[in-house]
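Okay, so chain A shows up in both of these, paired with chain B first and chain C after.
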Partner chain A sequence: MDILIYGIINSFSLALMAIGFTLVYGISRLPNFAHGALYVITGFLVWSLIHLLKLNYVISILLALVIMGLIGAAIYRFILIRVRGMATSEIIATYALGLAILEFLRWGGFKGMTYTLPVFIEGSVNIVGIPVDFQRIIVIAVGIVVVSFMWIFTHFNKTGLALRGMAQDEHAAMMLGIDSDWMAVIAMAMGSILAGIAAITLLPLGNIVVEAGYNVLILSIAVCIVGGLGSWVGAILAAFMIGFLQIITVAYIQSHFHMVVALLAIIVTLILRPSGLFGRQKELEERV
Partner chain B sequence: METTDKRKERLDRGIKVRTEGIYAISSWEEMSYLLLPRLVLIVGLLLLPLLMPSLYWNRVISIVGIYALLALGFDFLAHFVGLVSLGGAFFVGVGGYTAAILNKSLGLPPLLSIPIATIVGATVCTLLLLPALPLRGVYFAIVTLMYPLVFLRIIEALNILGGTDGILGVASFPSTWMEQYLILFIVIIALFGLRRLVNEDIGLVFRGVKDNDQAVRASGLSITLYKAIAVFITSALGCLGGAYFVHIYMVAGISLFALDYSVIPIAATVIGGGGTLVGPLLGCFILVPISELLRAFGTLRIVFYSVILLAFIMFRSEGIMVYAQRKYHQFERWVKV
Partner chain C sequence: MKGKRSILLVGISFLLIGLLSIPTFSATAYAQGKPIVLGAPLATAFLYGWTAEKGLKLAVEEINAAGGVTVGREKRPFKVEVMDTRDLEPGVPVSDALLVVEKLILEKNADFIAGGPVRSEAALAAMDLLSKYKKVSILSTGALTPAYHKRVEAEYDKFKYCFRISGEVGWLVTGEFIPKLMDIKAKLGLNKLFIMVQDVAHARATGDLTAKLAGEKGWEIIGKEIYPTGTTDFSVGLLKARKDNAQVILIVMDMPESSVLLKQWFDLKIPALPFGTIIAAAEQPGFWKATEGKGEYCMASVVNAGNAPSNATPWTMKFVDAYTKKYGLEPEGYGASSSYMIPYVLKDAIERTGSLKSEDIIAALEKTDLMGVYGRIKFHPKNHQVIPSVDPAEGAVGTIFQWQAGKRVVVFPSKIAMGEIKLPPWMKK
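Up next is the complex of A and B:
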């Protein structure tokens, strides 16, 4: 029973981490290797707003999310736009950016002392005899809200529909008057905000550490590959698969294999179904 | 208004025939024009250890050599085969640990353990990267990014291979002169060997894999096989570097998977000029000594390279060497349009 409950919680955490990455990749075909860095930045940003500027928790969260959106837009507008279309340069640029941010935070004194964010609501509740604290329930709630918001946004909103158009066929979308760069700016901003939301919901469960940036990057990449790069439904399903696999591994084998599960999932997927669970239409394009 | 109707005209020198790398030379002058840069490079490399002020800087020469191997491998893989490897540290780690195990448990001397570790390590790396090879796109970059991070976690968590302490007491080289000259010779051989390789038939296939993989497949050649050969070459260079590193510092620890080995080669390639193979070498000779000077700053060094890398890729993505070659091989003049 606790496998079921913690499996669901873990799956929603993974889905939250991965959805930003998959959004950016799906729309502008940019592998955002700075995703983990954006996640960690949000944590430190909220912490600094609370402790250095003495702001209210809720206000600092909202402020941090706005700043994250601006950062994401700025990253595309000032950096990625220059290397757009050159696959090698795109990969190297986002990778360098992510490393620069993470290692700067590591150097810049955000170490040693423990940095934590307060949980939203203290206390825990018993679900069929297993104590689950409120924060973990909030993770599930936020997960459901974010996923359904994304679904509604991309199906019933003009901007959302334009984003989907870009994802499906860039040239056709441009012919219909959709600005490719502007959409990519929006996608990048939303991706950063989603990374921020993930950070704000998940970080109160533990300390803010720089290492988390690399872990989040690895996990979200794993989820995206298993689900099919750029496919949102696939990403959510894959989050559940990897989430439960991880919890089962931790429960029955050893907790150290936590990370290995993600790697094995990627490799098995690449061998058996390189396009992932939901990438069928792209299969011909990807396998050479 | 005067300047707008002029443009810069670029003319190749007369000895160049049709394409890159083919020359018609008819005098000693022209021959020396071609030989000079190559001789300057080789003689410069060989004189370098003699010019160093202290033992510390002699050690830096060896480290530069190791990074040069990694950067050569990266440049070859990225600009001739089209695979971007973000995990140079993975090759270093596998090669280093293999050499350390060979040396400690089988008692092999460095001159035996390094070549064996190179071959064995390259085989292991190629096999582990094989699942990502039949695919186009970012998969290779993603998988190479993950491997060093995950291997680091596995070694830490399971406490295998000496855990966080590493394998201590690996044999060192008999003398520092041998240590430097061996790596410099290897670098020179790797540089000229790769230059030759990419102009052979197989190099043509590699470029075909990069530019138009369907055409390669239509010619009845297996893309996966050629990618695997290229990955083998690159990981052999990386593993060689790793094995060398272990024997220089006499320890194989988890620092072999450090990010430096992934970032510096990429930065060196971008700064030096991708696709030239000499450029990465030059980049290493610029970056690694700076990195030694900045040793006191800890992880800020990685920030430093990443920012340089970002700046170069945004504003000067051709790199130093491409620029220098253009200036050397072509006349430029302003002409009226």
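Up next is the complex of A and C:
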């Protein structure tokens, strides 16, 4: 039973981490390697707003998410727009940006274990004899809300439909009057906000450390590769596969191999089905 | 014409600034003598790195303020050159730390290597480099592997340059952790042990040795979990411990994420006493605030006395007060007091021998007998490991404390203990 409960929690954690990455790639074909850095920066931003500006926790969270959205939009508008369409340059630019943010935070003194965010609700509850703290239940709730919101937004909202149109066929969408750059700005802003939501939900379970940026990036990439780059459904399915495999590994093999699962999933996917479970971009090449 | 004159003026100014920066032309530096450079390869973003840097700098400041070091007839100041090895970060290769050690020797002209490298693997690899450059090194933080002093003993002529002034796993386990576990067994009636270790050499070695010896002494070893550096979720491992009725969780982790383990332990109300034989996060005064008090009852070893307040020797609280005054918080953990002692031990050796030559310093260090912050400091003449003890009058003593109501209360060794172990309310029958 503990495997089922903690498997679901771990899967939603992975889905939350990866959904922003997959959204940006799905819409603008931009591999945002600064995703992990955006996750960490949100944590430090909320911490700073609470402890330095003495703002209320909820206000700090909302303000941080707005700032993250602006940061995401600015990253596209001032940096990525210049290298759009040049795949290698996009990777280098976003990776360099991520590194610069993380190392700047470290240089700025954000090191050690003293940076933490408070949990939303203190305490734990027993679910069929297994203790689960409320923050983990909130992770599941936030995961469900985010996934549902994304589905509703992309199926019933004009901007959401335009984003979907871009994801399906950029040229056809442009012919229908959808502004490609503006959609990419929105995608980057939303991707950053989603990274922020993941950080705000997951960081109260631990502490805010710069190194988390690298871990989150690796896990997001693993989920997106297994699910199929750019496929939201694939990402969620992959998050559940990797999430459960990790918990089963910890329970029956060794905690030591926890991270190996994600890396192994990348390797196996790249060998057997390079486009991932739901990726379509390389299907034809694979068949050939 | 005017432009040329300005360029000439700027050129001359730069020349003068350049000349003044050379010690021979600088009146201040000349008066103080040529500095004795302590090259410190440290992982400065981590507890064991920054505590060592602070300890070293505090001692150097005190020694320089008191007139410096007498080398023959000359008075010379110490100078600390710190370079970041990043060797405690996950995935950072040992070769990076070695490059830093080499840079300190070749570019910063370090007379001695002090403090690190911090990670055991890097410290072991650096031994060959120290031997190649015949550079005396005193290790004081991070690296706890017994292989370090065993290598010195096995190949003395090659590795005689390597000293360690802090603890090592062999003694910590046999001389401190096992006696404390036996004390817990006798006084609190607990005997089921669950082990959680980080996947690094010293932690694995500590976990294995403790499990073996505790098992031989009547402890039931319920299970062992090994976590990669950087792990942030320990819930499944903790649930395993709970399911198997563990009564004490032995933690050996030097990563900052170990504070997460304690938060999760509290949230899940795991009925087992957390005993962090090495738990970097819990060592620090900021741990209480960082865990919002959830780390209460966690026990932690800080390897050497002085890294938490106690009255081990008359110098202990003097050091604690000086550190607190300079940095605004008490010594934060392993690496502070031992690194603080390095400049004093070197000063003593240099003044006795009157030379900076490696061979002379080695001979002098082997004869060191100094009452320091954490007891009597003497090096084993064959393996250059500081001689440990549970009595500060006999040797270097360690410290195990427990977090109680926001304070680090020393509970071991008994000679310096300031309180008794308490159990969390959900463990009381």
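Methods note: the second predicted complex is superposed on the first by the 280 of 288 C-alpha atoms of A that agree within 3 Å, B and C clash if a C-alpha of one lies under 4 Å from a C-alpha of the other, contacts with A are read in each partner's own complex, and residues count from 1 in each chain.
We take it that a contact is a pair of C-beta atoms (placed from the backbone, for glycine too) under 8 Å apart; a residue touches a chain by one contact, two chains touch by 3 or more.
Nothing here was measured: the structure is a model prediction, and the numbers come from that model.
Engineer: Both complexes share chain A, so when I overlay them there, do chain B and chain C fit or clash?
Structural biologist: clash
Engineer: Per the contact definition in the header, classify A:I267: touching chain B only (first), chain C only (second), both, or neither.
Structural biologist: In the superposition, A:I267 contacts chain B only.
Engineer: Could you say whether A:A141 touches chain B, chain C, both of them, or neither, answering first, second, both or neither?
Structural biologist: Neither partner.
Engineer: Is A:D133 touching anything from chain B or chain C once the two structures are fitted on A? First, second, both or neither.
Structural biologist: Only chain C is touched by A:D133; chain B is not.
Engineer: Report for A:F33: first if it touches chain B alone, second if chain C alone, otherwise both or neither.
Structural biologist: In the superposed model, A:F33 contacts chain B only, not chain C.
Engineer: Touch test for A:H256: chain B only (first), chain C only (second), both, or neither?
Structural biologist: Once the two structures are laid over each other on A, A:H256 reaches both partners.
Engineer: Give one of first, second, both or neither to describe whether A:R106 is in contact with chain B, with chain C, with both, or with none.
Structural biologist: both
Engineer: Looking at the overlay, what does A:I178 touch: chain B (first), chain C (second), both, or neither?
Structural biologist: The answer is neither, since A:I178 touches no partner chain.
Engineer: Now for A:L55: first (chain B), second (chain C), both, or neither, which partner does it touch?
Structural biologist: neither
Engineer: Per the contact definition in the header, classify A:I247: touching chain B only (first), chain C only (second), both, or neither.
Structural biologist: second
Engineer: Identify the residues of chain A that lie in both the chain B contact region and the chain C contact region.
Structural biologist: Overlap of chain B and chain C footprints on chain A: residues 106, 214, 256, 259.
Engineer: Where on chain A is chain B touching in the complex?
Structural biologist: So the residues of chain A touching chain B come out as 31, 33, 79, 82-83, 86-89, 91-93, 95-97, 99-100, 103-104, 106-107, 214, 217-218, 221-222, 225, 229, 256-257, 259-260, 262-263, 266-267, 270-271, 274, 285-288.
Engineer: If you look only at chain B, which of its residues touch chain A in the complex?
Structural biologist: The contact residues of chain B facing chain A are 78-79, 82, 84, 86, 131-132, 134-139, 141-143, 145-147, 149-150, 153-154, 157-158, 213-214, 217, 223-224, 259, 263, 266-267, 270, 274, 297-300, 302-303, 305-307, 309-310, 313-315, 317.
Engineer: What residues of chain C sit close enough to touch chain A in their complex?
Structural biologist: That would be residues 45-47, 50, 89-91, 199, 225-228, 230-237, 239-240, 242-243, 256-260, 263-264, 267-269, 280-281, 284, 286-287, 289-292 of chain C.
Engineer: Under the definition above, what is the set of chain A residues touching chain C in their complex?
Structural biologist: 2, 6, 10, 106, 111-116, 118-119, 123-124, 130-131, 133, 135-136, 205-207, 209-212, 214-215, 247, 250-251, 254-256, 258-259
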